[in-house]
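Worksheet: one structure, shown below.
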């Protein structure tokens, strides 16, 4: 295992020391709880947005704290959901009287820890806490008898859009309606060229042959649903887009698209894949109105990429375009 | 040592912590195959914190068990943190008075723990989780109690059933937790949480009898 | 070789197709010449800023085209400098009557190709063309008898700062003075944990053992000057900072710092290293006023990082803080 | 075929292009060791474009050589593009009339090419570049001309000297080009550009004699 770290058990805290050092003006880092906050919290009358999850997906979530996006990010151990204490500390710090919204990726661990935190925060301090579950990964079969889809790339778009809505002063119920729309119209699919090395495990989570890719990869090095031969980028673009378009009709409305790098794939390849994906989408009558290319939700050093599409009506586009000022996403200010 | 006290609980928890540390790589490796390669390090982080608790600072077993549960919730994260945490919290609320521990007490405590886990995680038997270890273990303990057997015998029976429950997860297709994303591909692998839960019951059989 | 591409010879063009598709409103891509331009060029009365170099360092340079930074980026083959025809096309497109400034990294190939282009552009169209050579890598011995230092991380800062100065309406001579100040006060050093695979070569440029790092790495997979054992991040921070501080005194003036990922190193590790570097710098009395952490000048999928420090007086800080709107760097607008 | 014409130049360039394509991996591999692993692909990209030029569309050798030089400048990039491009441009301005090519003509043309390369790249002999191949080759051609020998003999001598010059780069410490960043560590490796330049002179000896 070759990593720029001091000790495996200190990775998250040591990295947060760097976050604090890099963004002294805009962020405040609660090192004890491993919570990243905006420098000024709470914001009176604004719904507080709290997200978090296992670390190793940077810039998500800590890089999305700031004006127009999150109020706080709770950083768990690498690929392990944070513990309720962290969310409770965050809830307390960001509550400006309008309640707090938890943005949670749909993984058992995340769901249970956020649930416990919400119960305890509400009981302890009477804050109204609601939560949004992001569950967009079409690689996972969705049925009554399973836990449902994983939350992956759509989380980035959810945080940006809800962040803008909260900044505008919309209330908790309004945010829940926006979130429902994002969940209804958003889908993702990813594939990997290599595994990643979870620091505590010390070796790659899975092995791929030199000509193999893993289709339907998660963001924790979990194996996907299927192996395939690595072909051309044009073929990869089909492999990314096809399962998404098979799951939901993306024609007839503007679409926000994210071509996301999983960490180890250089930007030149990400743009190359986006070029091919955009051809595939155009061929299927999908009209892309906004595009984001880059490392936005990663799996440590995993090579590969994911595609997220979101049907966006006028309001969602308006919220997407609104100013945002975070280390990981910034425009308009 | 069939006496329930902060001290006897501490002996059990320290033993389990030791076993977990020894087996951490194995548990992580099981999780590497159908999960995200952290079950061993999760449990080891949590149980090290639990093992550091001083039994002298608790007035009874109940207090110690509740604190262990809260400690797991606060240090583990992931799926196992709330689940193991809930298990010990429920044990703590069941075992309200120190002293003699009977087979019936044991069965009642374990059942409360299992119910808590199911309430929190919504898994059913057959979903390929630690519930598949705990469910037959509870049943075995209950049967031993019903048959009027000793605590030691109940623990032995529970441990044997737990091991069988753990083994039964190999052939299952996961429906809860991270392994469920693998669908059919989760078959043929032993569930990490079911494995650590069997270690917990085995440890109880060693320490609480 | 595992890459998301169609064919090795098409990588640069195919990737530019993706750039064009991702940024239709802000960028215009001249695919024939592999030149990325702002959507609206030229800007009357503004000095045109043209940079470029081998591809594989993304977001540099194509990701730095936009308001407040470059007017054009000429994209060479992977790790191979662009050809004069590209710069000539760029010169012509961006000349708004105030002359054109070439920002060139100090590599023989880049220097010669930009030189030829400048001679030919001046001869053909009478544009006044000046050039700035960036040469900041302290890993390379600088002497009269060699070609001097390589241009690495400082290039990003140079492009940002000159871009702001040009946007303000400063003339060519004023820009050259700013550039000289940046060159005088800027230094970089990098290290690698892995090599990268140049697509045309198909295999890693060099091999490192599991516990080895390459100190003084370039940005083209060129081996560095020395191997060392990989130790803790704290030690790595010393290895990055020490050669820079030994070369130039960075105390007594505010410093702009960039901790740059080389492509394959996740952001969590980059922040972790930055945390350690910031401690080292503080211990040496260096006062960091601005910080940039992330993948800004990369070497394909190479794992590793580099550190760049720049002494910044009030004017440089002012230019650094000025609004910039490019795919790779954006703030203030 | 000691006659200079667009056709004879084309034969030479096509032969060189073929050799470069064959040796591309080898050249890239040399560059991998002390450079950036692209010399073979650079030269091959450029010479493929040159080989596609139709000699029938040029009135004389000069025009063909100049176009070859411009083509290399426009397609290769890197250090070798401007240097090889300049070499052929200078040949083109030296060989102004078709017909008989003498040993003295050859020496004069090669010398002009070398001067152009030095003006562009500022390398001296001993800097571990293609100049170390070309310098002795020019000297050998000049000596053959001075001794009144034939074009074929001059080309043979140049080719032999070029090969020796190429070999001499192994022990040098690079002072120009990318390999110079390696300092002492550049020693022990043969320079890629010096290698491709020797292939060019060898090809000339085969095709122009």
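Going in written order, the chains are labelled A, B, C and D, and every chain counts its residues from 1.
Operating definition for what follows: a contact is a pair of C-beta atoms (placed from the backbone, for glycine too) under 8 Å apart; a residue touches a chain by one contact, two chains touch by 3 or more.
Computed from a prediction, not measured in an experiment: that's the story for all the values here.
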{"item": "Those chains which touch chain D and also touch chain C", "value": "none"}
{"item": "Neighbouring chains common to chain B and chain C, by label", "value": "A"}
{"item": "Inter-chain centre distance, chain A versus chain D - centres from mean C-alpha coordinates, in Å", "value": "55"}
{"item": "Approximate Å spacing (C-alpha centroids) for the pair chain B, chain D", "value": "76"}
{"item": "Geometric centre distance via CA averages, chain B-chain A, whole Å", "value": "32"}
{"item": "Whole-Å separation of chain centres (CA-atom averages), chain A against chain C", "value": "29"}
{"item": "Two or more partner chains touched - positions in chain B", "value": "none"}
{"item": "Shared-contact residues (touching 2 or more other chains) in chain A", "value": "78"}
{"item": "Pairwise touch network: line, ring, star, complete, or other", "value": "line"}
{"item": "In contact (per the touch rule at the top): chain pairs", "value": "A-B, A-C, C-D"}
{"item": "Of chain B, residues touching chain A in the complex", "value": "28-29, 32, 34-38, 40-42, 45, 73-83, 120-121, 175-178, 180-183, 185"}
{"item": "Complex contacts: residues of chain A adjacent to chain B", "value": "9, 54, 76-85, 107-109, 112-113, 115-116, 137, 139-141, 145-147, 150, 198, 200-201, 205-206, 218, 220-223, 225"}
{"item": "Chain A-touching residues of chain C, taken from the complex the two chains share", "value": "2-7, 11-12, 14-23, 55-56, 58-59, 63, 78, 193-194, 210-211, 230, 232-234, 236, 259, 263-276, 278, 291, 293, 295, 298, 300-301, 303, 305, 325, 327, 330-333"}
